[in-house]
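Consider the two complexes below, in which chain A is the common component and chain B and chain C are the respective partners.
Let's turn to the complex of A and B:
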């Protein structure tokens, strides 16, 4: 934990974007997430760390209601985005997911052209009035995802033909093309090599200026490198949540310390 | 690892003794022998099935190819106005009064006259024997020609008629002088005359497109029977089956796979769909007879009823294939689509369905191919009938007209007594196999065309 950046890491934002209170998740009989309270700040990178099966991905998937697709999942408690409860009966998950984008563990571009991949979201949400607008959205998204220069000459090539790192950046471009307010990333670098990982991490840091980014990661170094706030989950509970520097250098909970120093996990 | 120290001592080196990598030990030899044996079993199985297939194809083609060639006689006929138009006014209603018997006499007479004029004669042959060499199909054909074009009356035309099945059989080697002596349908003199006619080029064997276009014909004139009605019937049925099953099958599969809650009811439905695929096809025939014909009152022998029955049979196959294809689409694609805010239906129609398309199409075409060869249910709804009239066009209600289907025609010809039908039923099998091969190739091509990687 001798990353120099830790020292100068400060959280400028104080306004919270997502507020979760007493979130419980059951998968059938299994109590997967126990009473999680967390406030995620706007324009901040928040990292969720913890051993496998601790509930961090489950919680992430609650934030855009992807858990709805799991038949046995039940979610209780309240999760508010900008003060609106996303589990309210009036909320259409489709609308919510346009607002809360998601990038998955394994790069999963559609087996269509690069252009189509990025344009799909704006198209179905009616964000572009004409082809020119759509083109500019695609270009802007690819630029933000640091992919434009690599693919601008072959937008018609299929997205699945890109390298793993490029595919993941394409997925990020696809996620930000709908101009979400929150970007959820579920271990976005676990299938990538170190160079692609570095590119994606750099990208995450840039995205912070516009989005609230929540990233689940198994790599504590990655959490330390990219996040301002870190939450440590263990056995379905949120053990500790604080500024990244504090979590890694001066954890308050003995379990956090044990995990960070590699004794549990 | 601290708890392992007390118990098991670390085994000493070389438990198998000192051995060379160049020598196989007993265990390795046994394993290799087992592997060799297994490979031989597999190879034998494949060779046996290929040999059986080859024998089957060989016999079918040996017996069936001759059905596509037919012996026919060509000779000039003077269409005598005195016989064909006794009133001399060319009025269609008067022309129609002359029956095929009149035309038959005319043809026989003219043929005998022609042979006499050409000086072709065989000792002891009667005029009756000579006219008996022309197919009984010829008078009807000539009459149709004249009724369609009355201007022919009074002219001399070159007429080509099928030779009878026995003469055809003689030229193909099925009938010999020895068998002719025992056969009341053909005389030795006729065969001798046939030899002379072949020399003079009057009688010849040529490709017979009528085998594919003619309707069925009775035992009296096997030479003029063809697959026309059966091909039209099969075609109507396949198109209707496709129209009935594809939308229903795909919709049912999508619902079951993507939308339906997983509970007892859907489990029950699933099990029953699989069971339906295993129900003997004749049961569907009885069902079709009871429901579509007896209850709903649809006409029997019609391709519509045949298509409905076969649709019921094919539906489970298509649903199973489609569900497998939908299930094979990786869940990550669904996550990706839902993640950018696509609705469930958009996810299915924009992403899942296009990816599942090759599998769906292959399953559908293979289901149709099975349906094309289905015979048993059609027997029960009366499609094994003797149909000599072509069904009307599809827009004129042709699907309600009586028709047969290719496999049923094979069955029906195979059970006829005249030996000329042996080659015809094998020939019909070749046509059926041809359609099946075309459908399978289409399935492969569609698969290649739509296949995408993810």
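Let's turn to the complex of A and C:
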């Protein structure tokens, strides 16, 4: 019977990549995230869903210490990636962010050439010994981001001149150029049209073979389409975390049901 | 009851398909009772009315399927809403089949009205039909109330209908052995009894949809079934 199960459900057997325990976040007086425990699996797409202000983006930003850049933010609890506490004093946040890449809501390519956008990360992290190596990283990243064929003849053109969907795929190429192990995506498709969205979703599914992908999305259909695990956040708490199919057909918590069926929660 | 959707048109759509299912249920119940009554009283006009009425049942099922397809495409229902739509479609299918059985009963009753009656078999059939219609009604009431306990009860009590069928089977067998001239009528009556027994199974499957709708899982346990009559397994096989 086991081999008859859908591929999507076999994720349960994968190991966890990120383990968060008792994570609390305060922005000044505001208690934005309350006691979140979650284990995010390796080579799996995990979707964070929930209404605005529920804490999902806050939690996502904890995973690569983006909250360090917010003066009023305090993060408590433990977050381990491969068993290593990322808030340990010895961890360099810049190195951490090479390992945990991030893609934002609005495509934000640097005002430089397509080539430079992708080459920037490997350059500053010293991942390429020479120009030939750098070229191959750029090509491989653009291929993984399903953008290579569209831009290979104009790598010197400016990144900001691309269409919105292409810009977002360029940002994904940039994020994966440093060979991260985790890719965080904060509403990566909210500024894209349906075709570009489908292309990015296809890309996310392909990236899953190499990375652990965590995506925050307001589109429940997107969460249902791309993820294998879904976490529902509400009022700063993680309400329910489970296999995506289970969350969308038979959620255990009435608050999850109220949210995903579009009722007043 | 559940809280309303933020988008109230979604609630109206869901309520509309469920109302259609209930209307369908009402028509099927009446058709079964009328058909069994027509058999017992040899009322040809009533039998013809049942035959003609099946069109309305089929049309309702088609309408329900169409509206459910629209709901799935346009509203992308999830969780309990998704289960509502799926259960509506399955219940409509069960009711449509039950309606067909009522129509078939009516058709056979027209043939039987020209044959001599076989003891009290037609009144046994009427009793069996009333019992099955009661189960159907209880299953649909449980559906409206999302009442898992009543649904479980309907499931467990299908055994009673199986037993009524078995005793009718025995009675018909006796009539046939007594006088081969009874075989024609007995065969018709047997098909009728078997079909009513099948409606009982559909009532059970509706009850199972109630359990699925409310809990998210189909009942896992085997429901109790009446023993087959010895030596006639192939004839009464199920």
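Definition applied: the second predicted complex is superposed on the first by the 251 of 265 C-alpha atoms of A that agree within 3 Å, B and C clash if a C-alpha of one lies under 4 Å from a C-alpha of the other, contacts with A are read in each partner's own complex, and residues count from 1 in each chain.
In the analysis below, contacts are C-beta pairs under 8 Å (C-beta built on N, C-alpha and C of every residue); 3 or more make two chains touch, one makes a residue touch a chain.
Nothing here was measured: the structure is a model prediction, and the numbers come from that model.
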Chain C versus chain B on the shared chain A, clash or fit after superposition: fit
Which of chain B and chain C A:249 touches, first, second, both or neither: second
Partner chain(s) touched by A:257 [first = chain B, second = chain C, both, neither]: second
First (chain B), second (chain C), both or neither touched by A:78: neither
Cα-centre angle that chain B and chain C span when viewed from chain A, reported as a multiple of 10 degrees: 140
Contacts of A:109 with chain B and chain C, given as first, second, both or neither: first
Contacts of A:220 with chain B and chain C, given as first, second, both or neither: second
Chain B versus chain C, judged by how many residues of chain A each one touches: B
Which of chain B and chain C A:190 touches, first, second, both or neither: neither
Which superposed partner A:210 touches (first chain B, second chain C, both, neither): neither
Nearest-approach distance, in Å, of chain C Cα atoms to those of chain B in the combined model: 11
Common ground on chain A, meaning residues reached by chain C in one complex and by chain B in the other: none
Chain B contact footprint on chain A (complex, rising order): 64, 66, 69, 71, 94-98, 101-104, 106, 108-111, 120-121, 124-125, 158, 160, 171, 174-175, 177-178
Chain A-facing residues of chain B, complex: 261-262, 330, 332-343, 346, 350-351, 355, 452-454
In the complex, chain A residues that touch chain C: 220-221, 224, 248-251, 256-258, 260-264
Residue numbers on chain C that touch chain A, as the complex places them: 2-7, 10, 76-83, 216-217
